[in-house]
């Protein structure tokens, strides 16, 4: 039996593999920071054997609240992922019990989204008649910050920015983008067509490709949490934000969506902009319209559960959507999807999943169109 | 050069093929009635030749108003269909000018939907965990009236009926059903999931398979316009309505949608139930909610253009959606899609199309859910 | 519970449906001849019920030897077909016992190949850069005899003719053509490329579309067994042969393959040309080379089992491949595939199948190339 | 305009990007050795601009003979690759002139095959009923040496080993494996079925995943040319060979194929085992049978052009197929495919390609079966 993790977003520390019924693991920290929660590894040679995997340092994860009710995802072929029912959080340890049906099985915190798939997504968009691709800048490790531009730049076309995966372990964010793009580039979809007529969309499917490949949870290659860098991005340490912020200054921004996953809450929700200085009644009305439209478009979305006011304290304007709301005075939201499941519509087999993230991305277009047609 | 039409829904009369630049054609009548407008035929041996096809009796079509602004659809491979720009209605004749790129080309009034595809659709639904199939009865020529039942029959599950293609030449209606079903049977779509939890859907994708195979525009094998048979269906002459009406009596009906195409109007619209005796303010409110939800879900849908009040006169309660509104007091609507294009969102290449019909079918689920959650 | 057959190639007579455990059926004769063996029907309303279907007149089938060891094919979705193990021939009756898992199930003599699929195949070939399509003539019922021409007509390009499905119930013959064509039109396959450089192929995927739609076993709409018409085809009664024979005279023929199914023998084999007058040692050598190449390319093919000499008696030169051998002095063969299984490589789940027929069609290209390179 | 290469197998050095018409590049060396020839990079921001890229140190490549007649491969979407006609070798420099149609374009020495695709291939095989996967050992950087085992281990089942991509830049070798596997795991293919009945196949699709990810041409992470390590593999420096050799000792070997690409020769050929000490007349006969069978199965393969005798000199038994021939006395061959094109069947658009490599892999099964049935 062996465990490997030398692949895109692979992350685990193996303490002991001696006993299949007591495999001792540790969550690995981000490559340059102390955040830890993401894991992704492959077990070989255990077909038909009853495995018990103990993540000893689960309580030291960035979000220990992420473990209760959480179930590990697993796959044999890397395409079909399912939840491992026998996952539990006990005495500060995460314990996963599973008997693999095949000799090679992958376990992960959530369904991975590799950089190769990212480049395939971008390449596919590039050849669409409705989009083109450019690079907003380079990451610390020399990867491109791919930006997919949909629609034509024209005076009447309003600038919409959508970014995802500032936190690289939140892979559901890029699955969301994939679903959104597949609909947005559909020649026959009327919502997509109307949006393409009224807006130009700047979409950054992966704000943090370095961190994603490293299997980081929250930070880039320099250990920076990008979603705390928006007030004063550093060209060296957080170039991802530095360059995207500059690009936004160049185009302006009339709607901003920042796509995330939340470790703890089993719901899909927005983190909204009420606390941002300068948020007006008109801001509230515009924000409410988009929120209502998403509610109508997707029952997976809800507004009852979400972050408590004051959660971000002093850091508020260092967050992307808050900074943008403040800077551009536009509707600016952070979308959060669960790592666990949507407790309002639970799915025992998959929990929250890549497929559901993609459907939500597609549904978001209805909300974007409602926004564009509202003013 | 030759023209053939001995295939599913093939229909044309060839008067003269002597001169490729003056091909003389006639629209063929339904097999047992005098309606004519549908055509579907194949031309062979004309690659690279400039064809001019004249439909001499276009003014005798059921809806001569269908010809202005109409453009013929064409395909080489029967999968990719495009509009022939040089289509015009002149002096009571429909004239189509086209230079085929290949030796075999199909022309049709609209993208066909064959009985084989119908059976494949039904077979696919049959193997879904969310659906099963039964037969409501048999047609005059011994075909089954396939009914796809989605969701479980349970006291709390409200009965929704959706029927399509009473008028067999309105193939967009079955494309619509295909799009609706693909979404409705999706395990990950939250709108579909919610609907499956709250309703049981009885879907008849093709009310008139006999007429469809014959290439009829409006009638069944006995020459009956099924959408004028709902008050007094005849077991012999209009068994399709007879059996479906009985099945509705057995299940009850809490929402009814009848899917159609309209030859003349270049818009997607509902024919609503205001004129039905017994239509109340509450009926109006419920109807309005569904209409508003579809407006929000699909920009291809609109409410400005539609039928004039009084259009159906004495026949009103012989129409499916009117009869159902009257009998069950539920929201009951006829959806009309264009044969031409949606003038609000024209597409020069395809006009209104199978793909757009499918997207509309998918969007209808949002409206159905709004209806189910409204009461 | 009900049985229907009003669809492409549907064929059965229902004597009694009263008792699911004793359903009484009869094989239906061809539309204008007394041959019977093909069946294809749909049972509805029998999910989970144990069915026993008795074909009372099985002993009156064209080939009663076809029943021992035969197993009925079945499908729920018309794409995935499987064999019904509990099929037996007893006291002159064919008995099929099956408990369907779904409410709609199809049973057939072999996996059907519909005219719609035929037109799709032809349409797909039409848009290949390596092929074009024309019509050799029309059938009695006005269908086109589609001919797919692969490769360019040029002096150095040798004319190869491949025809299939003279006997319409032998659907494996058109599946074979589909497999052959998919490889032959592949831009990357070197065998296909070499063939396209050296030959022009005239492929008639379905010699008998009228009979196929009728669900006939052996004859066209006029009741003629086309494979007994080659010496003196009749323009009215066997136009399919009449026109193809004329077309062969126009192009010449340097290799001829006629694709069939055999009801009785559980093997893939050729009916060869030794008995044809004028068959020389050189003919034998050329024939042997192609046969050896097919043996090497496909283990499903064998040469041990086949027809006894003298089988066709006086009729010999009325058969396609014999007449062609005689007329053109070229390698000319009839390929036979089993309705049952290949006893040398049995597959309990599928028996002989569409998939295996397609693989054999692909493998035949190796044999064709060996032939072309041999001289 | 910018150039990036921070992705799987990315490799280039950029000297100057100032002038699109005179972009100065250098081939990068393997990560721990001085071999260089592979390149793979992305150009952004050059849509519609006429690029001239000069690889200044092309003459210092491992195989300068690889450049005459070579044409660079390019792609916009990473799926469809084409050759850049305006590629030439001049004064020791490789010059590529191209005007990209899109804003993002990839150039490479040959169509890449990523580690992600590798893991997907292995995952797909894992879930086949005919195969399972294990790890033979780990690479220097902790990747698994995936071995796909096809067929059952049984006394009568002969052990066949197929390895690929010892030289990581020879991506055509893994495309070959993909084509071979797709056919080998096909339930309906008779050649695959016969092989699975008679042999157990041990397939290592990528012997050198570390080198592959690094974008190396010839060596592993420690700079070792694995195909010179077979006599005395080093557990630390060439664990890939060390472990596979041990695994072969455990299973025995009755047929060995090592899949490669050749930079210089524009042909598909075998490097055979005549020079191996102990090669007998019987060895020659068995080898000749397999070679003949491949000739029959694939016109892309030929025996006229190949390596000169004595090419490997003293190193002979350090090469995989030579060492295996010597050790196991079995048929043991190195297959070479071109980086350029097959001069016998040139394709102006693609040259030698992934698709053609896959077809060759599929055709190899005929040769393997001929081998298995020969003794």
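To keep things simple, chains are lettered A, B, C and D as they appear, and every chain counts its residues starting from 1.
Keep this in mind: a residue touches a chain if its C-beta (ideal position, glycine included) is under 8 Å from a C-beta of that chain, and two chains touch if they have at least 3 such contacts.
Since we're looking at a predicted model, the values are computed, not measured.
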**Q.** Path length in the contact graph (subunit B to subunit C, fewest steps)
**A.** 1
Q | Most distant chain from subunit D, judged by the mean position of its C-alpha atoms | A | B
**Q.** Whole-Å gap separating subunit A and subunit D, where each centre is the average of the chain's CA atoms
**A.** 36
Q | Euclidean distance of C-alpha centroids - subunit B vs subunit D, Å | A | 54
**Q.** Centroid spacing, where centroids are CA-atom means, of subunit C and subunit D in whole angstrom
**A.** 41
Q. Which subunit A residues touch at least two other chains?
A. none
Q | Touching pairs among all chains present in the structure | A | A-B, A-D, B-C, C-D
Q.
Taking the touch rule as given, give the residues of subunit C at its contact with subunit B in the complex, in rising order.
A. 2, 4-8, 42, 44-45, 47, 75-79, 102-104, 106, 114-117, 119-120, 122-124, 126-127, 132-135, 138-139, 141-144, 146
Q: Could you please specify the touching residues of subunit A with respect to subunit B in the complex?
A: 186-191, 193-194, 293, 296-300, 345, 347, 350, 353, 355-356, 358-360, 363, 366, 369-370
